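What follows is chain A paired twice: with chain B in the first complex and chain C in the second.
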Partner chain A sequence: MTNRVEAFLRSIGLVKDFAPLVYLVAHGSSSANNPHHSAHDCGACSGRPGSVNARVMAHMANHAKVRELLNARGLSIPEWTRFVGSLHDTASDQIAFYDEHTLIAQHRERHKANITIWEKALDANAKERSRRFASIKTKDSLKNVRQEILRRSVSMFEPRPELGHGTNTLCIIGKRDMTKGVFLDRRAFLNSYDHRTDPDGTLLTGVMRPIGIVCGGINLEYYFSRVDNYKLGAGTKLPHNVMGLIGVANSCDGDLRPGLPVQMIEVHDPVRLLVVVEHRPEVVLKVIQTTPEMYEWYVNEWVHIVAANPDDGRFYYFKNGEFKPYQPLGQTADVVSDFYQLVEQAKEMETNGIVDATQENLPVYLLS
Partner chain B sequence: MRDVATKAHEKIVVNGKSVVTAPTHVHIGFDEAHVLHELKHYLPSQTPIKDFIHHNTLHGFQHLKFYDAIFKAGKIFGYQITLQLTEFRELHKIGRIKTAVLDKVLRDKKGADAPAWKEKLLTKDYDTAVPARIGALRANWRSQYKIDLDAAVHPLLFRVLCSYLDQGISLWRFPVKTKSFLGALREMERNSFSSFFKTKRAKQLLLSGNCQLPDLLKIVVGKPEYYEQYLFDQQFSHQGWSGIAAAIEDMPQTLLDRRDISLHDLIVFELLLEIDALDFHVGKNWEPLCNRVTAPPLDLFADVPSSELQEVFILWQDAFEWSYYDEVLSGIAANKKRQQPAPTVKSFQAVFCIDERECSLRRHVEAMDPQAETLGSPGFFTVEFFFQPENGQFYEKLCPAPVTPKYLIKETQSNEVRPHELLYTEKTNTLLPGFLSTLTLGFVSAVQLFLNQFRPKMSPAISNAFTHMHHHSVLSIENKNWTTARTTCKSASRWRK
Partner chain C sequence: MEQLLQLFILLPFLGLLITLVLPHKNERAISGVVIATVVAHLLGLVGFVANWLLNQSPTLDIKHFTIFEQDDIAIFIDFYFDKTTAVFGIIGSAIAVIVAFFSRTYMHREAGFKRYFVAFLFFFSGYNIVVFAGNFETLFAGWELVGITSFLLIAFYRDRDLPVRNAMKVVSIYRLGDVALILAMWMSHHLWHENITFFQLNDTAAVLDHLTEHQWYGVFIAGMVVLAATIKSAQFPFSSWLPRAMEGPTTSSAIFYGSLSVHLGVFLLLRTYPYWESIGFVKALICFIGLFTCVVATLIARVQPTVKTQIAYASVAQIGLMFIEVALGWHVLALVHFAGNAFLRTYQLLISPSVLSYRIHDMLFSFRPGPAEEHGTFLRS
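Then we have the complex of A and B:
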């Protein structure tokens, strides 16, 4: 248990300045009449909700003996810090917290106050998501939008309870400072990593190991389902029959339809994943060359990778086996002060709202 | 096609298990094991839909560079592997592909020829149709024998496959499920009044066990040098079913109710159905397909020559990708200049999954509470294990797909009764109860469905993320009695400190 808690905390650079409460937020997805529901759950949990994992890690990280052993290894978690497992439903924008009864009174008070923050954040999240859905008026009140988001997730008639990984394009591995306040329109996998605690890239190797197969795999499945939804995707969901609980087909005489249905990929731009790693290029190169399987993703260009060098502040793009400096063209991102206005005024779909979802992605903005 | 002498292996069933015996026949030019391996390599590898694990759809080509791979896959299998040319042009027209980025891509790659290439990208007419190599050989059934073999074979093949693999939808269970696919079919054929076949020859071939792949291919195809191409044509005419059979063969644990199926058995049954269909529709004296084919066998995987059109697609794709990438890198660079110091006193921290859907919630949490800090880590939180829900018969893997856990977490004391909805009883699918329930429950169901359109609500029929584990259940995380745990958990264990 100690090894796993240590590996977990060190990999994300959470080794000091612990808050009184540390939430471990797993995710899952609720939907009705949806054979592809597990494609909306957590890919790192083999397509299932990660609530058990969050509870298990919280239990381990709260364990007195584990804390004692961690302390001996130089990783001190203050006694008053408690880990709390939770589950975010990405379709209904609801959240549940586990083992709250184990919190002491002081922490319960803090937790109660934090729940208010979580609810407000989920309101805003529902509002942001709603801009792509035809059935919801984004300009409606936060309360109503949230209610409509919840209803979509339990509607037997809704082919798009959520849009899954549609639009995924980025994977950013580094400190939160890099992206905090940058509006990326829900297109980025964000993996925390602090290069200052890992100068030679030992921890980075473990962090990078699943990036190609998990994030790259998701990205390419969306890519190919989007560019050829007939042969490499599953076509529209509407005529699907579930065959033997193992797949879907368009009729009992049809071939199984692997890949993703059109309702999951229609908003997706078919572009390869760009991985941005905050570390020196020579360290990143050494890490991606750790195994041939990992290197294949990058050297064969199924996934792009850029090193954001913390020493000189420049970007280095990997091509033909080496990292070379990349100078952005100097496009200026607009600064947005009113997030709600940004979402409410975003361009909506031009086609019939019943058979489509808003495909227009928003540019990168800096939020003030 | 391999030019070495190879050996066919007989597959027999011993104690319910498929066993490959010593080689019995030698067929020059056809390496059965190699062809089956190659087929599995290129077929879709999606496992049953309950475990939807995203992967590179063209994983079979991942050893090649991306562009080489996609154009090769497109030529062999007829896939569309980029956006259409008209779509790229439209994206440029509406500004999603930025002219500045397109110009940079052209400058970097084409130098002085950039203006000429830009003209090609923007205006030149191309014939974008790429005839696929797959399917060319079997197309001769239609042209030479005037028979649509797929239409004659697929419906029955798919129904039998689906019935054999069924995980619980069907009311009538497959009569024999303890044997391999072919063994089960043989037993049914032997003991049934009815038959899978309309004619005698295919039935006799199945019952006699004399249905090794090279023998059947000799009847259907005729010439060994065409066997590999024929099998690729045949299996890619239904790559979904073939892919799932191959995936289950390699990972039988992916089915909760296991089945012993193999791609080999599927092909044997399909060839028998083809022989049966030809005997029925053409008569007994038909010649093998390749006696009437004049074109030499096609090397499906031969190199695909590069073309100007491919180069045009590469340039458009690069420009499309960098139109966004450059914007992101510019945004990150601009953000660096205005970075605020992290809060010294943190109200709380929250570690999310790296999933891009959590990207926005993290942003909103930070906006609502500037003292809060958010982080991201893969959502299994570095703990890999199987999970057994209370009253669940099976273990569920809760970690990335390539990892095989050694631990088991059990759920107990959930004290929650799983809700049940009378309307969803399987009895409504049988004749008399179905008739009666349609007259009674059917009307209630119709009203409920109608109301659900306007006011949908949670019901037992809905996949609810929060019921994967009950909220107040107890998890067996820590092993406090190692001896007992070893005996009760068998192959799985629980954590020690």
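Then we have the complex of A and C:
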């Protein structure tokens, strides 16, 4: 148990300055009457919600014996820090907390206060998501939009309970300060990693090992389902017929339909993933060349990779086996003060046709 | 009261005409008109039946305009109302309301949204014509409409090869039934020397008279009617079209092959019952077909790999039982059975994608490890 907790905390760089309550949030998705519901759940958990993992990890990190052993290894978690496992239901935008009864009184107060913050964040999340749903009026009040989103996740007739990883484009591995205050339109995978605790990149190897498979894999899944939905994707999910509990086919005959249905990928822009790593380029190069399985993602250009050098603040783009300096086209981004207004004013999709869905992506903004 | 019967045919057609002129991007308007039509139809029909029951449920028959008349041939539109019509009508409207509400969200942003709802209303009109028909000619007109719209909705995904091919198979088998119905009409005219209405068939003495004189005509007509009913209700040996009919969106599969369209064979037998009830051979034939279908379809349903075809075959097995009930004269039981089967199959087909949820996804939350669980084969439970 100690090994797991240590690896986890060191890889995200959480080795000091612990807050009194640390939330471990897993993700799951609830939908009704949807043969593709596990496409929205956690793929690493074989199409199930990650709730069990969050709860187990919280239990391990709270364990007295584990903390003792971690202390001996140089990672000291203070007495008053408790880990709380939780589950974020990404379709209904709700959050559930596990083992709240194990919290002591002061923590319970703090936890209650935190729940208000969580709810506020979920309101904003629901509003941002509602922009992509043609059947929800984004301009409605926060409460109504949240209610509509919740209804979607339990509606038997809804073929689009959530859009999952649709529009995914970026994978940013670095300190969260790097992306603080940047509006990325929900298109980025965000990995926490602190280069200052890891100057030679040993922890970075562990962090980057699943990047190609998980993030790159997800991106390619959406990419291929988008560019050829008939052959590589699953077509529209309306005639899908569950075949033997192992797959879906259109009606009683024909092939099993792997890939994603139209309803999941119609908002997706088929671009390859751009991985941004906050470390020196020579270290990143060494890391991605650790195993051939990792390296083939980058050298065969399935995903792009850029090293954001913290030393000189410049970008180095990986091409033909080496990192070369890269000059971005734009030097500044627009500043936006009202987030909700930004979301509401995005241009509405003009037709129901699939090709027009990608013409309304918002560019990157800075939130003031 | 008879004058009101035509409204139940005209209302869906009116909804259809309005829907045809709406722009296809305006999903709200299209679904709004369709839902308004079917809800108005249901409420009107319920009110009408309530009124009808209070008046001691007379059998209504009204002859509308004549299309063609010469010598002893008269092709005219005739509407009829009795308990069979009441049951089939109300259940048809109720299921249409359910499916219309379901489809409004389900078909959102689908290419062919308007086409779907137009075909749906077209089907609904045809179904009502069949149910309210007072003679073979009117019934046949509705029968044709139901067949054509079945084809349109099975081949809804007309860009792909398989839906269109399967739709052609279905409509070819349907045509066989249509031809049988035309032959029955032709021979029936031969027998009666006029175009008979179902109301006239209620006069059992006259029917018996005619049949004892011209026995072989009678058997031929009854045989053709049974053939048409067998084909429409996917009884053996004509069940092969039913699994192929699941190519359309789930909602259309539900409304056609779960509930309404597939029970029209039973309806046809109920309507023509006064005609063949005295012919023992025909009754035995219907019972045999029903029993055979019931047994074979149940066995087939047990080995189906997909959930929708499993439900379809189970539905066919029930209809086999309904055939037996109709042949034995237990008509009220047959109507109750129809109501139950129609609603059950509609429900099952509409939530058929949830089978993954019930059998696998929810297992995570209800899994209890047994005492000696080595392989954890959760499918065992």
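By our rule, the second predicted complex is superposed on the first by the 359 of 368 C-alpha atoms of A that agree within 3 Å, B and C clash if a C-alpha of one lies under 4 Å from a C-alpha of the other, contacts with A are read in each partner's own complex, and residues count from 1 in each chain.
Throughout what follows, a contact is a pair of C-beta atoms (placed from the backbone, for glycine too) under 8 Å apart; a residue touches a chain by one contact, two chains touch by 3 or more.
Everything quoted here is computed from the prediction, not taken from an experiment.
K.L.:
Counting only touches as set out at the top, which of chain B and chain C does A:134 meet: first, second, both, neither?
P.N.:
In the superposed model, A:134 contacts chain C only, not chain B.
K.L.:
Tell me the contact category for A:281 with respect to chain B and chain C: first, second, both or neither.
P.N.:
neither
K.L.:
Classify the contacts of A:236 with the two partner chains as first (chain B alone), second (chain C alone), both, or neither.
P.N.:
Second partner only.
K.L.:
Considering only touches as defined above, state whether A:117 meets chain B (first), chain C (second), both or neither.
P.N.:
First partner only.
K.L.:
Look at A:201 in the shared chain and tell me whether it touches chain B only, chain C only, both, or neither; answer first, second, both or neither.
P.N.:
Neither partner.
K.L.:
Going by the contact rule set out at the top, does A:250 touch chain B (first), chain C (second), both, or neither?
P.N.:
A:250: touches chain C, not chain B.
K.L.:
Does chain B (first) or chain C (second) touch A:192, or do both, or does neither?
P.N.:
First partner only.
K.L.:
Have a look and say if chain B or chain C is in touch with more residues of chain A.
P.N.:
B
K.L.:
Touching A:272 in the superposition: chain B (first), chain C (second), both, neither?
P.N.:
In the superposition, A:272 touches chain B alone.
K.L.:
Quick one: classify A:261 as touching chain B (first), chain C (second), both or neither.
P.N.:
In the superposition, A:261 contacts neither chain B nor chain C.
K.L.:
Would you tell me the residues on chain A in contact with chain B in one complex that are also in contact with chain C in the other?
P.N.:
Residues 32-35, 37-38, 48-49, 155-158, 230, 242-245, 249, 252-254, which sit in both footprints.
K.L.:
Which of the residues in chain C end up touching chain A in this complex?
P.N.:
25, 27, 101-111, 113, 156-157, 160, 162-163, 166, 243-244, 246-251, 253, 305-309, 350-357, 359-361, 364, 379
K.L.:
Mind listing the chain A positions that touch chain C in their complex?
P.N.:
Residues of chain A touching chain C: 32-35, 37-38, 48-49, 134-135, 155-160, 230, 235-236, 238-245, 249-254, 266, 351-353.
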